[in-house]
């Protein structure tokens, strides 16, 4: 959380970006070329929902390293980042495979041994950090996190002030400014106007906070479709650097209104991690990330039957029932 | 949860029924998944039809269908047919604005001042277990009056938590408000042995009521610090047939109440 | 802007409100009964859009007095509040009849003579004031309004601080906390879940900032309709105290997707004000506000032909073309 | 606007064409209604097809149809078929975040340091005219580099504005940044007589270019303070036939360019 960056530098970075209404559609591989070693990368969604799995998949294959990764709540995708060596520093409020899978053996192994860092902030503080950055502010005040050991662990970055109006103590959450945000949405146009159905999580703030945004989407729609309902656009095109169309781009996680998570795959994965820990995670990466020659092949390995079933139930519960 | 129930009820059933009774009609409760959600839903089905549930994922007033309790706070199954979906930061800010009557969570480890730990077991600098962390727990406990439902075991009720993830009364007395936490605080801890509150002055945990058949000594034996006892110690009413029937409808496969 | 209110009092006020999921449908007159003399009242919409005209109409008829009124941008509705004696203190960023009608003779008359006050803040500052209140904060930091005479006029309330992270000077906008918000939306259910099509203006923050919210809507829909698309709900029911169904509830102003503004009426009104000033405004109030026996009669006096035409063109441009 | 044009063009046409030229392709401009919007749209139609317009009402990338320029920044006619609609506070915050290349407004009264007044004529404590006020003007001028398009008249170009509604360089020199305004500032004032900038050190207004046929003396005569003149004073290129044709398509009834 780099709140000490002078405003002039924040502005200069943004001024250098191309914000024109231009076609940004590209491939997964080219899009991930925008991520540099050492970058701070923010991820869309929460836990097992609307995670930018395809983008993270490409990121791991590209063997980026020394990334700092932030997200409101981090699930098994964080295990892959640790185990692949892409990141050894995750900023988040909660980190394990998913609520029903209990404590993560992979996270424990990396963090308890000191090989990786899990920097813990409260959930709202992660959100306020993105929001401060999105607002062009160095911090936002808060009445949370005060007095706790969570605050003590990040002392100096989490600060307090005396409110000049009330005399009360307020906490200050510093701006959380990813170099790159990886965001998966249901629909986007070629310019990067993004539409999110269902839960928006922290993604609108994340998009505006980051210096670059890579947007993957289930499908690319025409700009005319976007303009038909401009009050549905959640991410403005001018903050987006690249647009990639990736059907099932969040599988094996879920995408609201499109497909449910792949419960059987996740259950098998969870059992493998419980039994085999970090080594099992590396085997999963070999099989699912490094092994396939394309994202389509990754989906094939997830399994056509389960994908179709997830799509059927995921659509039905939102649009049909 | 292995059974340690009484009077034909499982421990989880006792926990859930008493947790539900702590909620009143018209209130807004920010609920965790599991027993808190089950209890809030039970309250809706019995005495609190206009109770509203909020979830951390950004959900206001979800459509909870009996037999299909959602498994997490932020997935489509939980969000569908809610009254409103909104960003995570904004649903958390409703706590700060004051819209929420109670935060309602389970707890892994609690201390005599109601501080909760879900981050580290052992020394945080070199932990024996790195737990999943706060999630929204710290925010909820910082900003709302708290109900905690948990199993009453000595290893969970400790004198001092290894790490204050979600603040209770910190070091007791006025230390919570002195830190800038001007609202909320631990209200009630509901366990399978009884109900606990906090001394108004010292903010130390205090036994307020026992479930039928439980003794003070039993509770003390399962508590890792000397327990205060309220001047008038109540006995709780056992679950009623109506409550149990509603509970069975909500959790017919007894996923949560076995 | 009452940022010095202790947090305990902010919380106590909210804790006393009934937030249950209950039927709140009532009449214009009963709803306006929730407004007390001396209250600070915030108004929805902007300029000539989605103004809560029917609610203001009822407010003036109820002869409330000493109200402080706030809004991002204030148009002819502010003239009515001055001229009726309902308010002599408007907090806003811009105040005249509407952009094409030039400087307001009524506003000039009241403010230049010192009979009424136009408290000027920048547009974003009004928005940040509502947002601070909506977030449960005493203020929000800003990089705007610094150095200007706009800030100087409200010194002591607009403050500055040195950022502890960057050492930079930041402005502080105090929370703007209406006692009551009057908000007009396209659709709401009986509980007060409000849906806004098109431009949301500052209304979501306003709803959460206020101590009481009176919601008027073009039509009441079932809770089932709301639950069909919960990501469209913009105002949560638990901040709403009363719901009133008022078709054409923003006429002669516009309501996105429902009807355009009544251009001919507004032109006639503007000419009358230019020619007759405050006296003409009082005559308009006699004819249009005090005269009718019901809001339906108010609409009749606006004129069926112009209302139908405004509805036809207002719907057509959004939904048909 | 009464005509004071040259070479067969009206003053408003000259203003608009030169304002359009100040914008480049790919930029984001936060535009006011009237000449600024017309100029931004003209730029889109000529040399800057991917220029994006933002409106204060909460509109990103509106659908501007030739002959149907919207009359205000926040009504349905302006919002329809935009790329995105968002709350007012959030569209203003895009300025603070830095997404906007230029704020672009008209001006009623400007002073030698580029400060704009739209609040009071006369003493603010007892004004001769209470004007409509800042709207978003203060925010735009505080947070973005500014283009101002206005009629060049002595009563509008004053030594010191009665009230600083929208900050230029305040009292010149480093006074703007010293007040905490660390970005933006007056970039260019475009008038029917020429183009003006600001001295890099003193931040006093400086004549940078003259429209064909205009002299420095004429400009000084219409300016209420001593005008600096750039070391190399340019002459602007007159409107081209292509620019004029595009302008006529945009404003066929000459509502804005008469």
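To keep things simple, chains are lettered A, B, C and D as they appear, and every chain counts its residues starting from 1.
Heads up, the rule we're going with is that a residue touches a chain if its C-beta (ideal position, glycine included) is under 8 Å from a C-beta of that chain, and two chains touch if they have at least 3 such contacts.
Being a predicted model, the structure only gives us computed values, none of them experimental.
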Seminar exercise, completed: Per the touch definition, the chains contacting both subunit C and subunit D are A
For this session: Report which interface contains more C-beta contacts, comparing A-D against A-B.
Result: A-B
Seminar exercise, completed: Whole-Å distance, C-alpha centre of subunit A to that of subunit D, is 40
Problem set entry | Centroid spacing, where centroids are CA-atom means, of subunit A and subunit C in whole angstrom | 37
Problem set entry | Intercentroid distance (Cα basis), subunit B paired with subunit A, Å | 29
Exercise. At what distance in angstrom does the C-alpha mean of subunit D lie from that of subunit B?
Worked result: 58
For this session: Give the residues of subunit B that touch two or more other chains, as numbers and ranges in rising order.
Result: 59, 79-80, 85-86, 93, 96, 143, 182-183
Problem set entry | Junction residues of subunit C, two or more chains touched | 6-7, 136-137, 142-143, 168, 170, 198-200, 231
For this session: Between the chains shown, work out who touches whom and classify the graph as line, ring, star, complete or other.
Result: other
For this session: Any two chains that touch count here, so list every such pair.
Result: A-B, A-C, A-D, B-C, C-D
Problem set entry | Residues on subunit C engaged by subunit A in the complex (per definition of touch) | 3-7, 136-143, 159, 161, 163-166, 168, 170, 172, 174, 196-200, 231
Exercise. Considering the complex alone, what residue numbers of subunit A touch subunit B?
Worked result: 46-49, 72-73, 92-96, 98-100, 103-104, 107-108, 111-112, 118, 120, 122-125, 127-128, 130-131, 142-150, 153, 160, 168-171, 198-205, 254, 256-257, 260-261, 314, 317-318
Seminar exercise, completed: Counting only contacts in the complex, subunit C reaches subunit B at residues 6-8, 10-11, 14-15, 18-22, 134-137, 191, 193, 208, 223, 226-228, 230-231, 233, 236-239
Exercise. So in the complex, which bits of subunit B are touching subunit C?
Worked result: 25-28, 50-52, 59-61, 63, 79-86, 93-94, 96-99, 101, 143, 182-183
Problem set entry | In the complex, subunit D residues that touch subunit C | 33, 56-59, 71-77, 79-80, 85-89, 92-93, 95-96, 119, 124, 126-139, 142-143, 163-167, 170, 175-176, 179-183
